[in-house]
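You will see chain A twice below: alongside chain B first, and alongside chain C after that.
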Partner chain A sequence: MSAVWDYLFGSPAFLIFGTYTLMMIVGLGILLHLQLGVTGIGNFGVAGFWGAGLYTFGILQVHYDVGFWLALLAATAAGGVLGAIAGWVIADLDDDGVLAATLAVATIVFLAIESEKDFTGGRVGLGTIDFPFDIGERTDLAWLAILFGVTGLLLWYARRVHRSPYGRLLIATGTNEPLARSLRKPVKRTKVGIMALTSAGMGALGGLYGPIVHFLFPTQLTVAITVSVITALVLGGQQRPWGAFIGAVLTVGLFDIAIKLYVPLPREVLEHAFPVTKQIIFGALLIFVLLFRPLGILGRMRRERHVKGLSRV
Partner chain B sequence: MDFVAKAVIIGLTEQAPLVLAAMGMALIYNLSKVINVAFAETITLGAYFGMWMNTTFSANFYVSLAIAGILAGVLSCATYLVVFRTAERRGVGTVEVIIISLGLSVLLRYGLQFVFGYEARFYDTPPPTFMKLFGVGFTSFQLTAFILVVVLALLFYLFVQKTVWGRQVRALASDADLAKVSGINPLLTTLVMWFMAGAAGGLAGAFWGVGSSAKPGLGWDRFLLTLLVVLVGGTRGLRGVILAGMGTGVLLSALKLEIAPLRAEIVLLVAFILVLKLRGNRFRELAKV
Partner chain C sequence: MFEASGVWTGYDDIDVIKGLDFTVGEEVFAILGANGAGKTTLLSAIAGLLPLTSGHIRFNGETISGIPPWRIAALGIGFVPQERGVFPDLTVLDNLRVGGLVAKQARGERIDEIMELFPALAGLRNQRAGTLSGGETKMVAAGRALMQDARLLLMDEPTAGLSPLYVENFFDRIRQIHETKQVAIIITEQNATKALEVADRAMVLSLGEAMTIVDAHDLTTDQLRKGYKI
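For the complex of A and B:
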């Protein structure tokens, strides 16, 4: 029994960090599901909204000694304000414009972090950020439990949205915007609202990630984060709240936990070939899933399946 | 006057490849009506192909450049046939095609590292001579690159505007069904256009690569600016793309002369976003014809 336990959890710190990453991708994926899968907004700048929260939290904690809750609130607000601005910009743009604008937002956040060294530390980094509580060896496990709770809350909210009048408005906006407009639905306000709300969530997740890494670097905000989130969501099913969870377990869970923990790879492979192979597989997954199973593993929305079922009767 | 001269000379010599890259991306955007994120990797692979010819086969830079353009064009056609044509036939939506192209971009960017290695690679070219114009210094290589880019951009422009192939490409972009009825071979015309676009991207990548190095993120680092030039300048056709590309280069260098380079890039991006916002979708259809 002890041997099995050692095999499964032989490197608890590694396992916990891998699970942090997994939960972060799941949380961001659920929020992206509300943007892309429900409202039809292709946000390609997830890393930027997340990073805005991460760095706001870090700057307030490191430079101004602001308490945890206030810093987390500010991180949430930073993501929300950035999301509202992005939503205002993209509200009347087509998909190409949305791609450009959201990528531009992420790039601006990245450039601002690199350029404003007095606040962000630039490439040298910003730290250290500690957990808001200390219960000894179990602090990181408690933080993981909090992350599970936050992700669970996001999942619960996404499921609620699907069944609410607000969800119907979002779906109408995403499915047929001209029709929703002609029915006098407030499409523009809806887009700005959902971008602000979900980006605030991304900012909050960024704030919660700060204590995990302790030290912040601009390289943590590369496009790889966005690619991981999109891959997880697309693979699991972009129209389903559980899609991000299923997809993240099959991608991040496989690569960042299972293989790293249980497959004895040489160090040089882990440093170069492994992350490169992971990205190649993520890229290939995006292509194959969208070409041959566009709605991912879980398929279409429950609502649409229900309506389709009724129409057959 | 001194400031303007500096901004113009630095902007045009440093950002000349941007015009080529934007023209290539605009060609695909005009015909396929979708932004191809993997175009970033056509640029990157252009730089790698050039470096490969230059260092492995000891080809001189100009021969390497020509082969880099051809290989990037072939790669562009291959991506169309394997991925984008399949997506077109399966009726995949616009956002999904953009995500597919993002996937292809990631696949190529990391895949090339298994072929060319993880580290940046350098061209083997003789050291350039330094020159001055209006008190602004630049290398002989930058001048050559600028002249070549101007000539190539002109040739691309004339090809699209004045040749039979160019007319067929424009006809196909305007009304695919009508173009087919009038005897245009859509596959052949589309492949010619994807080849031209890939060659333009590859040449831009080779110019950027010889100026710095061939590295996996080369095209991605320049993708956003190229995309914004296409979206903003594309409303006025290829001429608009050329002007927007040159204007962007000059504006960026002017900003960099006044403020820190990273802040200059932020100001430029904010300006582009505001232009996109103010323009909205009013010129969207115009941009795609």
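For the complex of A and C:
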């Protein structure tokens, strides 16, 4: 029994960090679900909105000793303001334009953080950021519980949106924008609003990520995080609130938790080849799962089972 | 109620509608014409989805040309496009609800009225609109527009692609909407015979110009042939 316990939970630090990453991808995926799956906004700049929150939080904590709650509020606002601006810019663009513009936003954020030195520390990094409380060895676990709570709240909110008049308006905008323009609500304001709201959430998640890594580097804001979120969401089904969770378990859960913890890979492979291989696989997976949009692989399998069932009747 | 004066509109550098003048009262007004006559373009311009090159459109004394489509909808103009007239991922009920987002009358009452008007929709309430047949889709589209407190309904070839049985039924519904809900209707059609049965007046549109505007029962075959360039 003890051997099994040691095998499963023998590296709690790895397990906890992997689960942090998992929760972060799930949270961002749920927010992206509201943008892409519900409103039809293909945001390819998730890392930018998340990074704006992460660095706003870090700068305020490191340079100005701002308290946790105020810094988190500022991180949320930073994501929200950036989202509103991006939303205004992309509201009248076609799908390709939206992808390019949001990727540009993430690139601008990345380059601004990397080239600025006084506040962000540039490539040298910015730190250190601590947890807002210290309860000894259990601090990590407590933070994980908070992240579980936050992602749970996001999931609850996304499910609520689906059943609300606001959600119906978003779905209408996402599925038939020309027709939605002739409803009695302005489409542009709707799109700007949902971009601001969900990007604020991404900014808040960025703020919550700061204490996990303690030290911020621009390399944390590369397109890799966006690809991870999109892959998870599209794999799990972009139109379902649960899609991001299912997809994240199948991708991040497999790579950042299961393989890292339970497959005896040499340290060199784990540190160098593994992250690169992971991104290559995620990229290939993304291309593959795009074929199964919008239900995702699991949704498609379920539909095929349903159709087979009907044909037997 | 509705007035279009010197309306020019089109796409890029191409003028599709060339200086139209017409008025519509509390009536069913049919716009007839062959493919390419400019019927869809004209309705899109009235709905605010296409800007005017020149001229102006007034509705209930207010100039509506140049204002955004959602404000035009808020003034009481409902648009039923020829294609893609529903939100496919929403259920029938949700399509109606989204139409009645800011309607004054209680939404439940309004939905009941739509179900009375289109009884076939009652059994399809929870079905996704994207899975409906062509005729059912047209009913949902019309119902959605009516949910918006529309005082003027723009219907772009509502029976295009429907089976003859549906066509008959749909034209009955159009007349019923006008008479029971006191909604004025501008309807574009290629099926002149059926449209003239329900219309009070008709305009024959040919290459963006009004060939004739007359009472529906006064329209002659010659006038139609001239407009359709047969």
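FYI, the second predicted complex is superposed on the first by the 293 of 313 C-alpha atoms of A that agree within 3 Å, B and C clash if a C-alpha of one lies under 4 Å from a C-alpha of the other, contacts with A are read in each partner's own complex, and residues count from 1 in each chain.
The definition used in the following text is that a residue touches a chain if its C-beta (ideal position, glycine included) is under 8 Å from a C-beta of that chain, and two chains touch if they have at least 3 such contacts.
What you see is a predicted model; the values in this text were computed from it and never measured.
A.B. asks: Chain A superposed: clash or fit between chain B and chain C?
C.D. replies: fit
A.B. asks: Of the two partner chains, chain B (first) and chain C (second), which one does A:Gly97 touch, if any: first, second, both, or neither?
C.D. replies: In the superposed model, A:Gly97 contacts chain B only, not chain C.
A.B. asks: Could you tell me the angle at the CA centre of chain A between the CA centres of chain B and chain C, given to the nearest 10 degrees?
C.D. replies: Between chain B and chain C, as viewed from chain A: 80 degrees.
A.B. asks: Is A:Ala172 contacted by the first partner chain B, the second partner chain C, both or neither?
C.D. replies: After superposition on chain A, A:Ala172 lies in contact with chain C alone.
A.B. asks: Could you say whether A:Ile230 touches chain B, chain C, both of them, or neither, answering first, second, both or neither?
C.D. replies: first
A.B. asks: What is the contact status of A:Gln279 with respect to chain B (first) and chain C (second): first, second, both, or neither?
C.D. replies: A:Gln279 sits against chain B, while chain C stays out of touch.
A.B. asks: Count the residues of chain A touched by chain B and by chain C, then name the partner with the higher count.
C.D. replies: Counting contacted residues of chain A, the larger count belongs to B.
A.B. asks: Touch check for A:Thr219: first (chain B), second (chain C), both, or neither?
C.D. replies: Neither partner.
A.B. asks: Report for A:Leu111: first if it touches chain B alone, second if chain C alone, otherwise both or neither.
C.D. replies: Touch status of A:Leu111: first partner only.
A.B. asks: Look across chain B and chain C in the superposition and give the shortest C-alpha distance you find, in Å.
C.D. replies: Result, nearest C-alpha distance in the overlay: 9 Å.
A.B. asks: Inside the complex, what are the residues of chain B that reach chain A?
C.D. replies: For this pair, the touching residues of chain B are 29, 34-35, 37, 83, 86-87, 90, 92, 94-96, 98-100, 102-111, 113-114, 118, 220, 224, 227-228, 231, 260, 262-263, 265-266, 269-270, 272-273, 276-277, 280-281, 284.
A.B. asks: Across the complex, what residues on chain A touch chain B?
C.D. replies: Residues of chain A touching chain B: 36, 40, 42, 44, 88-89, 92-97, 99-101, 103-105, 107-108, 111-112, 114-115, 223, 227, 230-231, 234, 272-273, 276-277, 279-280, 282-287, 290-291, 294.
A.B. asks: Any idea which chain A residues touch chain C in the complex?
C.D. replies: By the definition above, chain A touches chain C via 165, 168-169, 171-172, 174-176, 178-187, 239.
A.B. asks: Which residues of chain C touch chain A in the complex?
C.D. replies: Contacts found on chain C: 47-49, 68-70, 72-74, 78-79, 81, 84-90, 94, 97-99, 101-102, 148.
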